[in-house]
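Below are the structure tokens for one structure; questions will follow.
Order of writing sets the chain letters: A, B and C. Residues in each chain are counted from 1.
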Amino acid sequence: MTAVATVLTAVPRRRREWVFYSCLGILAVAVVAAVLSPWITPYDPTATSFDSIYLNPSPAHWFGTDQLGRDLLSRVIDGARSTLLGSIALLALATALGVLIGLTAAWLRGWVDTLLARITDVMFAFPGLLFVIMIIAVFDSGTVTAVVGMGLAYAPVIAKFTRAIALEELARPYVDSYRLQGVGGLALCARYVLPNMVPTLLGYLVVLFGDGLMSLATLNFLGFGSQPPSSDWGLMVEEGRAGVIQGILGPALVPGLTIAIVVVATNVVGVRLSDSLAVRR
Amino acid sequence: MLLTIRDLNLTVPMPAGPRQILRDVSLSVDTGETVGLVGESGSGKSTTARAVLRLVPDRARTSGSVTVCGVEAGDVQEIRTHHAAMIFQDPRSSLNPVRRIGDSATERLVHVHGVSRAEAVRRLVDLMAEVGLRDPERLLRKYPHQLSGGMLQRVVVAAALSTNPELLLADEATSALDVTTQAEVLALLRRLRREREMGVLFITHDLLLAGAFCDRVYVMKDGSIVDEQPGGTVFVNPANPYTKALADATPRLPERAKPTGAAR
Amino acid sequence: MTDALVVSGLTKTYFGTRGGTPVTAAKDISFAVPKGGSLGLVGESGSGKTTVSRMIVGLSRPDTGTVTIDGRDRQWRSRGRKARLARAREAQMVFQDPYGSLDRRLTVEDALRDVLRRHQRGLTAPGVTARITTLLDRVGLAGTLSASRPHQLSGGQRQRVAIAKALAVDPTVLVLDEAVSALDVSVQAQILALLNEIRHDSGVSLVFVSHDLAVVAEVTDQILVMYEGEAVEHRGTDDVLCRPEHPYTEMLLSSAPGPDWRPERVAELRAVFAASRQPSS
């Protein structure tokens, strides 16, 4: 918990940091929307109404409606849940794998390090999206497949980063101090070294979250991930495409902007956290 | 008088409020003198030296006067170019690791003084021989990581001298070197100072080293000068309590019979 | 009476990557330290003194040679928790970097509790707290600092914590690798005095690694001078400092500033030294 506390103390306090705080606010809103979505959507996100298709924003429908008459605001709120959850799951999987590989490589060095490095290099050779599409070709489209596939695609990135900071961390004398105390390798890495790496990792992971969200949305847009009637934001953009040709931008623009705003917000927050934490080293 | 610092105050704004780093610092260095500035960490000795060349933090506020060879410190370019040169603690931070030594060391002469590259190299090679480096032409083509700390610091000294400064500022210039190398580099500096009639401001945390190497020593504590002594006094009971405390705390080798000097 | 520490024929060679010339970091180093005794390991960079110190504590394995503590060979081969803990009780080390050698997440109290829980399992919770207080007292740290983290402590205080951690294990041998080199001179003097006290009180044997002969003079009864991996002089402290036999020792002594300091002499001595290393005709 002290690791999280360390991160929290990196949060800037000056009033001039309004950019950071607004972005943090945006993320908070997104999270609240995701958590409370069944209760705060003004309309049922799946309720179609052919009387109300392609309505412009109005007091009744703040964001307007889509091609099936569904309220866009409700869909966005509903989509927050699957989009954010999917991104978090993706990141969790990638982190679990990536940190394990990176830390193991950094601790054991030698042939293990070389082997793992070569494997990650091979994975890097494939553009992430292509790799996931390959997996989907084998296992069929679906939210779970997309999330798992993307998680696997991001693991090498995290592994490389983890390895780099682990190498730096393991070079510090306190690690030798623990070794001399008789602490074995596994306990040393897991209980003592990893917590010290958390602040640096966290800043990086927050930014990667935004990246992952974008990638997942892209997959969904391409039809490889979540399927209708899901209100996943990426999928919403795809569904809104038809309207764009007719001059109706709302159904595509609303989810698109939402994605952009959330991703930018996570980038700002993540980068600012990384900077504060880097200074403390 | 080569260097005169009078009532120098330096304050730096910090999140917790302004912090005064230097407090009414006054000192002087004359031609042909080696003057030591001694203090523990945080005493302000490095800041003082850097203030001479105006290498102060951006938001620092200073008051007082610094004059080098009659030139006010405001005219930084004039001082840095023609009158003073500085060498720092870690030669590996002073030289660009991705450039050959010859390029880095002649940079000043070529770009600031407008000397031709060939002439600059010739001067540098002469100086490198003077500072005891063998085969200087070959060394010029090497990269910093290929040389030892002692050799690099000699290159830095040669480069500093290439602009013929009247005042040499040495900021812990030998602290990162092995003790035998330190002695050799300091013997070199002593000789060069004599030959070129320079003045040297020697910053160090080592009171005994300053006492042995310098003609006069200023002692700094918490941003102020608390004592000024001729060099030798630090070995004989210094009167000032802080200086005495520093001298007592510094470990000393036991006195022994003078070596006969004959080679074994 | 067996000596606390006996080192015999320690040798280590490093092979450069890509077939560079191998470097003999330590060659046939042997010495003995009695219980409560103190040996200074003196040399400049590249002398091998750090390599030897790391071999004594077990952070590095010698190619040949033995390290015997309290009559027992260090047995690097045996693995397992019990063996590791037993080896920890034989030798501990205090490092040069006061900040880097402490786990920056832990408070002073946490750090000591961690050591005690591992090595003094018989203690009850109040027993541990009492022992922590005793240790802090022993190294001259105010009890009020026990809740401080490394970044809140001065260099001297950090080294005291490091010494306390080492003492908490109750080792037979304590190795100090340039442990005071990064400290201000007044703090340095206090730590050296502390080490002398500890030596006399608890009978722990010291190996004090340093490049500074004057510092070594204060805390050792014998000195071993190393140059490029070899032992060039090894006698009692007084003898080495006042009646040196080897030209390299003379060089070191002449380099130290004093009232009759003549640094020019060092270059002269280096020539004598270089000549003495030529193979005898």
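Throughout what follows, a residue touches a chain if its C-beta (ideal position, glycine included) is under 8 Å from a C-beta of that chain, and two chains touch if they have at least 3 such contacts.
Please read all numbers here as calculations on a predicted model, not as lab measurements.
K.L.:
Which chain has its C-alpha centroid farthest away from the centroid of chain C?
P.N.:
A
K.L.:
Hey, which chain is the most central one here, using CA centres?
P.N.:
Ranked by how close its C-alpha centre lies to the overall one, first comes C.
K.L.:
State, to the nearest whole Å, the distance from the C-alpha centre of chain A to the C-alpha centre of chain C.
P.N.:
Roughly 48 Å, centre to centre.
K.L.:
At what distance in angstrom does the C-alpha mean of chain B lie from that of chain A?
P.N.:
Spacing between the chain centres: roughly 52 Å.
K.L.:
When the centre of a chain is set as the mean of its C-alpha atoms, what distance in Å lies between chain B and chain C?
P.N.:
Whole-Å distance between the two chain centres: 32.
K.L.:
By the touch rule stated above, which residues of chain C touch at least two different other chains?
P.N.:
There are none in chain C.
K.L.:
Which of the residues in chain C end up touching chain A in this complex?
P.N.:
57-59, 81, 84-85, 87-88, 91-93, 95-97, 100-105, 115, 118-119, 151, 162, 165, 169
K.L.:
So in the complex, the part of chain B that touches chain C is made up of which residues?
P.N.:
Touching chain C from chain B are residues 40-41, 149, 178-184, 186-187, 190, 205-209, 211-213, 232, 235-236, 245-246, 248-254, 256-259, 261, 263-264.
K.L.:
Please name which positions on chain A make contact with chain C in the complex.
P.N.:
2-3, 6, 172-174, 176-184, 192, 195-196, 280
K.L.:
What part of chain C is in contact with chain B in the complex they form?
P.N.:
44-45, 184-186, 188-189, 192, 211-215, 217-218, 238, 241-243, 247, 250-261, 263-268, 270, 272, 276
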